[in-house]
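In what comes next, chain A is part of two complexes: it sits with chain B in the first one and with chain C in the second one.
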Partner chain A sequence: MKEALHVEWTKLRTVAGTAWLLAAVVLLTVALGVAASAVVSCSGLGCGQDPAKISLTGIAFGQAVVAVLAVLAVGGEYSTGMIRVTFAAIPRRSTVLAAKALVVSGLVSVAGAAAVLVSVLAGRIILPGNGFTEAHGHATLSLADGPVLRAAVGSVLYLVLVGLLALGVATAVRDAAAAIGVVLGLLYLFPIVAAVVSDPDWFKRLQRISPMTAGLAVQATTGVGSLPVSPWAGLGVLGLWAAGALVVGGSLLRWRDA
Partner chain B sequence: MEATIEVTGLRKRFGPTVALDGMTFTVTPGKVTGFVGPNGAGKSTTMRAILGLDSVDAGHALVGGRPYRTLRHPLRQVGSLLDAGALQPARTGRNHLLWLAHSQGLGARRVDEVVGQVGLASAIRRRAGSYSLGMRQRLGIAAALLGDPPVLVLDEPVNGMDPEGIRWMRGFLRSLAAEGRAVLVSSHLMSELQDTADHVVIVGRGKVIADVSVADLIESASGDRITLLTTARTQAMTVLAHAGATVAVTGADTLTVSGLSGERVVAVLGENAVPFSEVSAHRASLEEAYMELTRDAVEFHAAVAEEAAR
Partner chain C sequence: MTMTTYRSEAPPARDGFGQLLRAEWTKFRTVRGWVIGLVAAALVIVLIGLFGAAASNFSCAGPEGRSCAASTPPVGPDGEPVNDRFYLAHQSLSGDGSITARLTSLTTVSSSDNQKTEPEPWTKAGIIIKESTTPGSAYAALAVTGGHGVRMQHNYTGDIAGTVSTKPSWLRLTRSGDTITGHESTDGTDWHLVGTVSLPGLPSTVRAGLFAASPHHEVITESFVSTSATSYPTLATAEFDRIDLQGTWPDTGWTGDSIGDRAGGGPGGGAEPPVGFDETGDGVTVSGAGNIAPIVAGRGGLGKTIESSLVGAFAGLIAVIVVAATFMTSEYRRGLIRTSLAASPRRGRVLAAKAVVIGAVTFVTGLAAAVIAVPLVGAVERDKGHFMFPVPTATEVRVVVGTAALLAVAAVFSLAVGTVLRRSAGAVTVVIVAIVLPYILAIASVLPSGPSDWLLRVTPAAAFAVQQSVPEYAQVTASYAPADGYFPLTPLAGFAVLCGYTALALGVATFVLRRRDA
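The block that comes next holds the complex of A and B.
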């Protein structure tokens, strides 16, 4: 396993694309977080806004880049046929998949942590100017605040889980373009489909199983009681999606010819 | 580990296509074993099965007595090159070898050694995507040699190489065998294996048609035939046929005669005043021996014709 980790780390570190994609995760997440913090305003007590969630808006976009990064870690080997070289060197395919999952998780955690820290810091600086003040019932955004810390850490974990979901899907479909389509579809189409469902019960049910809607519940710091699913349980839903994708991908990897 | 490959009764279908139909042969150390057959004969599928990449419906393949997938550091036992293009173009050749070396617990020093061995040092820090096909084949050979393995499995390694590269590859394969390694090299052209292989396993339609040493193969195909060099080709053919020989045209001024001894050929030509410059015992080329051998295998012949028609 140590060797397999070394292998996957060397593979990712020796293509320029990895560094660019990680930089893009940070930049995109921060840029959209800053933009959201800049345009929002709180006019008085009980304005119904969630400052932590607003400052972390960029996660919903940075996740697309994370998905691309994770898909390419597998899809890039299938498109070139290099996967056969990999399996000739390491015949235990589950070890290869586990090593890829760990290395991708590590890289996404680092980029995600940077993106989240800068986003929260930007929110802390920008939001008070837009009416998020003590007078309007909002304390200054701080990681020392329990719910805010949960939103921040949860957002990093959210990105990691999106990466694992994408890795599993890519392993199952073996084609980068198709995998990116499937993952982005799962993430973004679920909320859209839920929105056109008129029945309120079904709406709630769809929201509870939607990987993105449920997963991002972890960012909520206000009105937690009225969420369709509680913050950590929501992240758990995304975790189940990721685990399911990895199990399906891993099983197909064992059964199919390389 | 004993340097052998044993393939026993491999069967595999891809949907309706029977790719392997009881493939059985053994590769022994110290020799280059050619693995020859027309397109679609099942060579690559057999090699993938040996390397544990494709599962089979029946039979088994062992390297040094063990299934490939149970080997701890497989590249230290079996070096392989299936497809020289199977690498990510954005990575340098050196980094490609580096991750492979890491997978076997080897380091950068071993990478530099094999790069020197295949003569790729000047290009190794360039993106592999910029390599010519010949350079990729050399990189693939370097990858196969990383673990200094006693067994090598190479799928059409000279495919796309220029004559200089082919000459280099031949010498290289011979020297690997001379070091006592077992070398299995596939080709769909018998002529590519001339002066390289010691032994050939000839396959068609997923099974072995012949498993012979090259020396025996050429010996038996040469038969008692006579090669005749003459400028009066038509005249010579007429008189020799009249004397009971079977004559085939094998070149502009060359005839191959069977059914008559060399002395009789000279006598018949002399009697009829047909000019000729040389009469010698015929030595078949590997390609000829191949055609001779496969002439009776009707199925197989059809496959060859199919290939020729493409």
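The block that comes next holds the complex of A and C.
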């Protein structure tokens, strides 16, 4: 396993795109978060906005880049035929997948932590100027605050889980384009379909099983009681999606010829 | 002895654009994954539409077990669902004639605290000529509004602005055949024409009189979790005097009717305000609540628009983007691009042929899916008791063809980005994020409506405006946000934004295809 890790780390480290993609995760997440923090304002007491969630809006953007990174970690090997060399060197395929998952998780959590920290810091600086003040019932964003810390740590975990979901899907689909289509479809389509569903039960159900909506519940710091799914349970829903994708991908990897 | 140069007997090969198209079409149809991808796109468009309809339900029970009247709203003369609730003091008018009245005051009381409030912008009181007292019947009204001066409105959607905004305001409606003319005046002697409207098929005997209506006060709170709207009824009271009736008015006095009244509570379940009328000397005081206006489509409404049956287009779009991007990137991956460019060294034409083929194939697929989805999903929605907002055939055609065109242009966009990036994963992500993410951010109530509108103006997501089938009504206060299905750009302008991005991407793609080694 240690060797497999070393192999995967070397591969991912030396592929030209990885550094750019990691930089893009940080940059795009922070950019959208800053933009959202700059345009949302709180006009009075109980304005119904969630400052932690606003400053972390960029996760919706950054997750797409995380998905690309994870998909390419597998899809790239299939498109170049490298995968056969990999399996010749390490015949235990589950070991290869586990090593890839660990390396991708590690890289994503580093980039994600950087992105989240900068986003929260930007929110801390920008939001008080938009009316998110003590007078309007919003304390300054601070990681010492329990729910805000949960939102920040949860957002990093969210990105890691999206990466694992993408890795599993890419292993199952084996084609980078199709895999990224499936992953982004899973993430982005649920909120759109939920918007046209007018049955409140179905609406709630869709929100509960949607990997993006449920997963991002971990960012909520206000109105936690009215969420369709509690913060950690929501992240658990995404975890189930990721685990399911990895199990399906891993099984197919064992049964199929490379 | 003469030497003859050898000439091949074979006819000269042609390298016209037709041959290129044929080559690209052959490539497309012989790759199983692409054909499957497009079939899957068509399937998800229909299936997700059906799911959206099947998962839409409403349970609407009125108080004390009465059925909920809101589920079947009255229908106006043009077939559109309408609100037609107001208080009317009326008499019958036979044949041609006119009614004149002076409105001296218009006040509003909020039912939440019974305090006098500012009139709602579209609180209305004035004179009206109406086919009958049945909700949804044809009418023409001349009214003083809370915030928009004198207005002449007819048949729910017609709205003509007058000039008078001071009180007292003199109002006059004159009937002549099917034509109703409205005049306004500040002093009762100097009359100005507001408008002339035609009510085709108006019976010879109509109801005419004085009315008052005041819509609910809407408070819309936007937050991350959801957008909630709370509203409470308001009651308008208008005082009229100097009433002058010309023509044949067989009744001897005024009759009061609460038009469109549903016994026992409004939509909010709150108590109805005390409506009614009162004759005082030569004047009449009318108190009414409600509104005379088209019902506006939006979140949480019971009505369904035709674009709601095309929500699957988002899923279809993702499939189409994947197919279109790989239509180019797989040439690079397999090295086929070198063969393609050897066969047709003019590289711009190769790209053009690919764009035409993928665009045409996607358009046909999208059109087939939309043509199936719209009636099918509509039938399920009607079956579940929703009413459909009727749209003119031209609008319906625009929505269906526009959806197919949106998919086709997005495919060409994806092809161009694929040519520039030469990597499928990157190209697919760029295009999906560019088109779908702004739409999600705009509808998810993440951002306030101003920035949401801007997202749908400047990003390729603007193209979804082509699906908007219901117009905004200036004379109805409602939430016209992207989440309600209202786009900031007109359908064509929104579509042009996507076309602009696509043209730009194609330009860059042609440039780099020529400059780079394959």
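Rule of thumb we're sticking to: the second predicted complex is superposed on the first by the 258 of 258 C-alpha atoms of A that agree within 3 Å, B and C clash if a C-alpha of one lies under 4 Å from a C-alpha of the other, contacts with A are read in each partner's own complex, and residues count from 1 in each chain.
Just so it is clear, a residue touches a chain if its C-beta (ideal position, glycine included) is under 8 Å from a C-beta of that chain, and two chains touch if they have at least 3 such contacts.
Keep in mind the model is a prediction, meaning the values are calculated, not measured.
S.K.: Could you tell me if A:3 is touching chain B, chain C, both of them or neither one (first, second, both, neither)?
M.R.: First partner only, chain B.
S.K.: Quick check for you: in the superposed arrangement, does A:247 touch first (chain B), second (chain C), both or neither?
M.R.: After superposing on A, A:247 lies clear of both chain B and chain C.
S.K.: When the two structures are laid over each other on chain A, which of chain B and chain C touches more residues of chain A?
M.R.: Per-residue touch count on chain A favours C.
S.K.: Once the structures are superposed on A, label A:139 by its partner contacts, choosing first (chain B), second (chain C), both or neither.
M.R.: Once the two structures are laid over each other on A, A:139 reaches no partner at all.
S.K.: Who does A:258 touch here: chain B (first), chain C (second), both, or neither?
M.R.: After superposing on A, A:258 lies in contact with chain B but is clear of chain C.
S.K.: Is A:84 in contact with chain B, with chain C, with both, or with neither (first, second, both, neither)?
M.R.: first
S.K.: Looking at A:19 after the superposition, I want to know if it touches chain B, chain C, both of them or none. Which is it: first, second, both, neither?
M.R.: In the superposition, A:19 contacts neither chain B nor chain C.
S.K.: List the residues of chain A that touch chain B in one complex and chain C in the other.
M.R.: Overlap of chain B and chain C footprints on chain A: empty.
S.K.: Along chain B, where are the residues that touch chain A in the complex?
M.R.: Per the stated touch rule, the residues are 48, 51-55, 68-71, 74-75, 80, 82-83, 85-92, 95, 98-100, 102-105, 143.
S.K.: Which of the residues in chain A come into contact with chain B in the complex?
M.R.: It is residues 3-4, 6-7, 10-11, 14-17, 76-77, 80-82, 84-92, 257-258 of chain A that touch chain B.
S.K.: Under the touch definition given earlier, write down the residues of chain C that touch chain A in their complex.
M.R.: 33, 37, 48, 51-52, 55-58, 221-226, 299-300, 302, 308, 311, 314-315, 318-319, 321-322, 325-326, 329, 333, 386, 423-429, 432-433, 436-437, 439-441, 443-444, 446-448, 450-451, 483
S.K.: Residue numbers of chain A touching chain C in their complex, please.
M.R.: That would be residues 35-36, 39-41, 47-50, 53-54, 57, 60-61, 64-65, 67-68, 71-72, 75, 79, 175-181, 184-185, 188-189, 191-193, 195-199, 201-202, 206, 220, 222-223, 226-227 of chain A.
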